[in-house]
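A, B, C and D are the chain letters, set down in written order, and residue numbers restart from 1 in every chain.
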Amino acid sequence: MKDFYIEKKIYYHDTDCGGVVYYANYLKFIEESRSEYCLSQGVSLKEWSDKGLLFPVVHAEITYKAPARYQDTIRIFSKLEKIGNTSVNFSHEIRRGDTLLIQSQVVWVCVGKDFKPHAIPEEIRTKLSRS
Amino acid sequence: MKDFYIEKKIYYHDTDCGGVVYYANYLKFIEESRSEYCLSQGVSLKEWSDKGLLFPVVHAEITYKAPARYQDTIRIFSKLEKIGNTSVNFSHEIRRGDTLLIQSQVVWVCVGKDFKPHAIPEEIRTKLSRS
Amino acid sequence: MKDFYIEKKIYYHDTDCGGVVYYANYLKFIEESRSEYCLSQGVSLKEWSDKGLLFPVVHAEITYKAPARYQDTIRIFSKLEKIGNTSVNFSHEIRRGDTLLIQSQVVWVCVGKDFKPHAIPEEIRTKLSRS
Amino acid sequence: MKDFYIEKKIYYHDTDCGGVVYYANYLKFIEESRSEYCLSQGVSLKEWSDKGLLFPVVHAEITYKAPARYQDTIRIFSKLEKIGNTSVNFSHEIRRGDTLLIQSQVVWVCVGKDFKPHAIPEEIRTKLSRS
């Protein structure tokens, strides 16, 4: 599997009065990277949402190694780890140059509009797992 | 018209690395106050949204007099200024004790799910404007 | 140890276009609850920050059981699990009535303004761990 | 003066349960564009902040013409309108293709670390106003 990443610059609204990026905001960054990863594999979450399938996060784990600061440029990596019947496992890293800032594991579940689990369509499974 | 306000405490996530509340976040605070003001008048925006009517902001003006900081307790005032055929004008103030921090004017328009303007239902008009 | 919680109402700015609270925002809610828990034990994070000690989160784990929605009132529980030499472990739950929405574990590390680890002052240790 | 803009894609965290971008978040987008505009003119707000000068917004006005939605790509335009002794006026537009979504006027004031007004340094004045 190729290493997928997006680049992002940090602005005031990403930070807090501790002088660094607010700890919840890294989850926004990895959402953006996951979303772009899926698009790069030909899977549009928006189109699937319009068809009634959503992929909410059911578990997230995040280790904060070093903080990002205002005007840093960071790279947010996404890697598909596993596709189960109704769930998808991703791992993420955020780096500034060679410095590892964040490690994260995220689990998605596929649900319908009623938020009940739904088998992942074969098309998504095939596209997400191809290298 | 009575003076309506809610009280709110400032946390890390409200601030930025300038050491004060991020300038966009005051619009969140006045949304909360407007929403509670409507409830206090017997108008539930959630119920109307379920019936297909939304009240997006079409214009906002905000003057920043003094900053709020981490752990400040602020009061967010809401006052109905005018109800037109499809729009509602609010004014807001945010204060910390006697100190005026923020003045704001906000205009809502009533729209359907298609985001096209819709006459404000008589029930809402009556409830919002009673003192 | 007593069960500590704060109550909070969900507004538009907490939600996303999936119709539920955005997954990162629960980390804001548990920050608020932790901060108030510390105050209730006599520990002001603001005062310690002014003295040069910060408590950034170094690890967070969060399990999403059920979503919160616009206008829900939720309770955000905080419990001190362990105080080490430089770190503090918290567990959190978010509930709407009897329904468990979120479980989370968070680890703080005590650092100086240089973001290097620092022994937790005895005063904080004593106050946080008293029941 | 050249037309300056940045491009940005909308993600879940930018939206709310009304299905569109949350009204406060456009202020984040125009902050990003202003910040990049200044950099493009050779003015780093970060460097000036390190030297003790900040540029908080003292007035913002925003007109919402049409909403942006999840996965839209928008352009956020910034234009310097005027530099006074201690203040700077910007105007902004946000567009999706040819569609005008947002118009905004923002006024900065130059302040020191004590948040008291400070004359804008000649270097900044020269750089920001050159075309």
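By definition in this document, contacts are C-beta pairs under 8 Å (C-beta built on N, C-alpha and C of every residue); 3 or more make two chains touch, one makes a residue touch a chain.
Model, not experiment: these values are computed from the prediction.
Novice: Higher C-beta contact count, C-D or A-C?
Specialist: Of C-D and A-C, more C-beta pairs in contact link A-C.
Novice: Find the pair in A-C, B-C or A-B that has over half of its contact pairs, by residue number, in common with B-D.
Specialist: Of the listed pairs A-C, B-C or A-B, the one copying the B-D interface is A-C.
Novice: If you average the CA atoms of subunit C and of subunit D, how many Å lie between those two points?
Specialist: Comparing mean C-alpha positions, subunit D is 33 Å from subunit C.
Novice: With chain centres taken as the means of their Cα atoms, state the distance from subunit A to subunit D in Å.
Specialist: Comparing mean C-alpha positions, subunit D is 27 Å from subunit A.
Novice: Would you mind pulling out the distance in Å between where the CA atoms of subunit A average out and where those of subunit C do?
Specialist: Comparing mean C-alpha positions, subunit C is 23 Å from subunit A.
Novice: Could you tell me which residues belong to subunit D and also touch two or more other chains?
Specialist: Touching at least two other chains: 12-13, 18, 20, 24, 28, 31, 49, 70.
Novice: Hey, which residues of subunit C end up touching subunit B in the complex?
Specialist: 9, 11-13, 28, 31-32, 35, 44, 46, 49, 70-71
Novice: Would you pull the subunit C residues touching subunit D in the complex into a rising list?
Specialist: That would be residues 12-13, 15-20, 22, 24, 69-70 of subunit C.
Novice: Touching subunit C in the complex: which residues of subunit A?
Specialist: Those in contact with subunit C are residues 18, 20, 23-25, 27-28, 31, 49, 54, 56-64, 66-67, 115.
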